[in-house]
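Quick heads-up: structures coming right below.
After this come two complexes, each holding chain A, first together with chain B and then together with chain C.
What follows is the complex of A and B.
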């Protein structure tokens, strides 16, 4: 049921691992000794000041904190991408840009200068709010070619929400049509109940 | 919560039956029911009524609102009003659904009732959907859910709270950042590393 169990990068959450794995362009601010091989294009021994390279978010966090590198917007969150989202949020293919668009976006924002970060956050929030209408209507729509095409534009977060809602919707419809007999209902609720129970000790 | 759990809760509603057997008082967790005398109406929980009906031990007297005329009036009001109108029972849909499947012979005009009920349900669902997208789009933090029944609240459950949660997270991050920049501007002494 849980959409995202963590409010910070969580060691055990697969979503967080994926979301913090996206690359951000960084500029090295201070010479980092012996790590020249991180920049595959060069053969120098050290990472020199001014070198540009792409780092995964989880690594960029720590390096930015220590002022070793300076992060920049990746293409998915750049000024031009944001302008597009401001103009027409509903038709952008977020999945293609960044699978966990919002999740990664929040992380990227925390690396940027306050002004740019705030702009990015506002865009993220507005985009999600505007697109939520689509998420609702998609979750209740009959499956058709058009629906499938529109579904592919959703980011992973939106898709999770949409699928959850679709399951619920189907369940209510099923119940309304009277197809669930009381015996089935009992079986469903018992099996759900058992799922929630703690596994019994077999040692007894 | 599952639909069947909501239905389970609805089964606690009381309903009148006319038994065709004699029995003393029944001691149930929800209270004592009976004594039962053949031909004399008695009030019992819905689950018991349905069980007895399935064993052909009683006739169920449908609730006063479960007839075409009343439901037509409700439907009329529901389609005219912009907001949700009050339903005759907190579990109107579940009670009707249960009775119409288990004891449709006891209810006059069962087929027509089904149609009207579906109309009421659909128009309320349309309202729910519209207000949900409005709430999410305007970034509202709360909504009044007067006269919504449990089944309806439950039908928006995974989507609405999780979307609100997502919006809150996106907001939280920006307000946190604003706080940090404020404290940095003031004479807040941060522990040096």
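What follows is the complex of A and C.
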């Protein structure tokens, strides 16, 4: 019943809404009247020129476009973070830095000066290319402590890919082993529901 | 900060897996709508000011407008994603959702589900009563060997014969009649 979601994030995409919620440091270029309450550090009634504050990406898009603020790289995408990714992409904990590291990164790049944006885009691409090999090998590996530790370094995008890939490998194996009749299973939602429900029933 | 409440709704949905349906959060939806009303009224005032006198308020108007658009996107995404999950649950559980799942729906969603059920039934009647919710792939055999996972009671087959579905009993049943029970977790298929 599920249609394959396209890659292009649509208006209702929960992932894209989450990715556009991460904060970027911004500098106010032009005074924005009446909205002083957004800047916790100042007592002014207005957002004064030169103030620095963190804005969510979705707000920064609009304000940068109108030259009201200037956006900077957040810590996860800063020069030093990029150097680390260039040197050793595989061991960085992307999940901790930014759950949707690649999605948010592409959005951040759209706010930066062309030169820096290109550098960031290139780093994101290389990082993903290198790490995707890890994602595949993780999806084939037997579950062990080490695998679980390495799984936690994956960003949400990588994790989704890995889980999907794990299911597919199992299906390929099932097919290769020559079992023709596929097994009819309870729907995922139903079995999850029953799992949640059973312990409670016992407790009553 | 604007848009924080609206994002709470989205987080509600992402915290559970895509198969589960969290309780409809009417209180937060109300708060988001209230935030949007305030944003709209303040923007109206500032727009009137800028039309008459100076244009220095334009930045404020744009910022509030971005917040309005964001809140709108979160609210709509919340509702649409919930409807998609309700629709998927309908295909998994059958036309009647179990009590506590049905309890997470709001009144309008219950209404929507009733309409959806009616349209689906009408469409399937038009196909000579073919049950679309059952066969997703071509069947490999007419009968399935199944083990019963719970005490379900008497189950009447289409030819009038009755089967007692007791926990841990094993039956060979016509595929078309036991498929729904497998999806609902009453029976378990024993593959050969």
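Here is the rule we use: the second predicted complex is superposed on the first by the 163 of 204 C-alpha atoms of A that agree within 3 Å, B and C clash if a C-alpha of one lies under 4 Å from a C-alpha of the other, contacts with A are read in each partner's own complex, and residues count from 1 in each chain.
As a working rule, a contact is a pair of C-beta atoms (placed from the backbone, for glycine too) under 8 Å apart; a residue touches a chain by one contact, two chains touch by 3 or more.
None of the values given here were measured: they were computed from a predicted structure.
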Which superposed partner A:33 touches (first chain B, second chain C, both, neither): second
Touching partner for A:106 - first (chain B), second (chain C), both, neither: first
First, second, both or neither for A:78, with chain B first and chain C second: neither
First (chain B), second (chain C), both or neither touched by A:172: first
Which superposed partner A:42 touches (first chain B, second chain C, both, neither): neither
Partner chain(s) touched by A:124 [first = chain B, second = chain C, both, neither]: first
Shared contact residues on chain A - chain B and chain C: 1, 180, 182, 185-186, 188-189, 192
List of chain B residues in touch with chain A within their complex: 2-5, 7-8, 50, 97, 100-101, 118, 121, 129, 132-133, 136-139, 151, 155, 157-159, 162-163, 165-167, 169-171, 173-174, 177-178, 181
Footprint of chain B on chain A - complex, ascending: 1, 3-4, 7, 102, 106, 109-110, 114, 117-118, 121-122, 124-125, 128-130, 132-133, 135-137, 139-140, 157, 161, 164-165, 167-169, 171-172, 174-176, 178, 180, 182, 185-186, 188-189, 192
Of all residues in chain A, those that touch chain C in their complex: 1-2, 11-14, 17-18, 21, 30-35, 38, 56, 58-59, 61-63, 66, 68, 179-194, 197
Chain A contact footprint on chain C (complex, rising order): 1-3, 7, 10-11, 13-14, 17, 19-20, 42, 46, 56-57, 59-60, 62-63, 65-67, 70, 73-74, 76-77, 80-81, 87-89, 91-93, 98, 100-101, 136-137, 140-141, 144, 179, 182-185, 188-189, 191-192
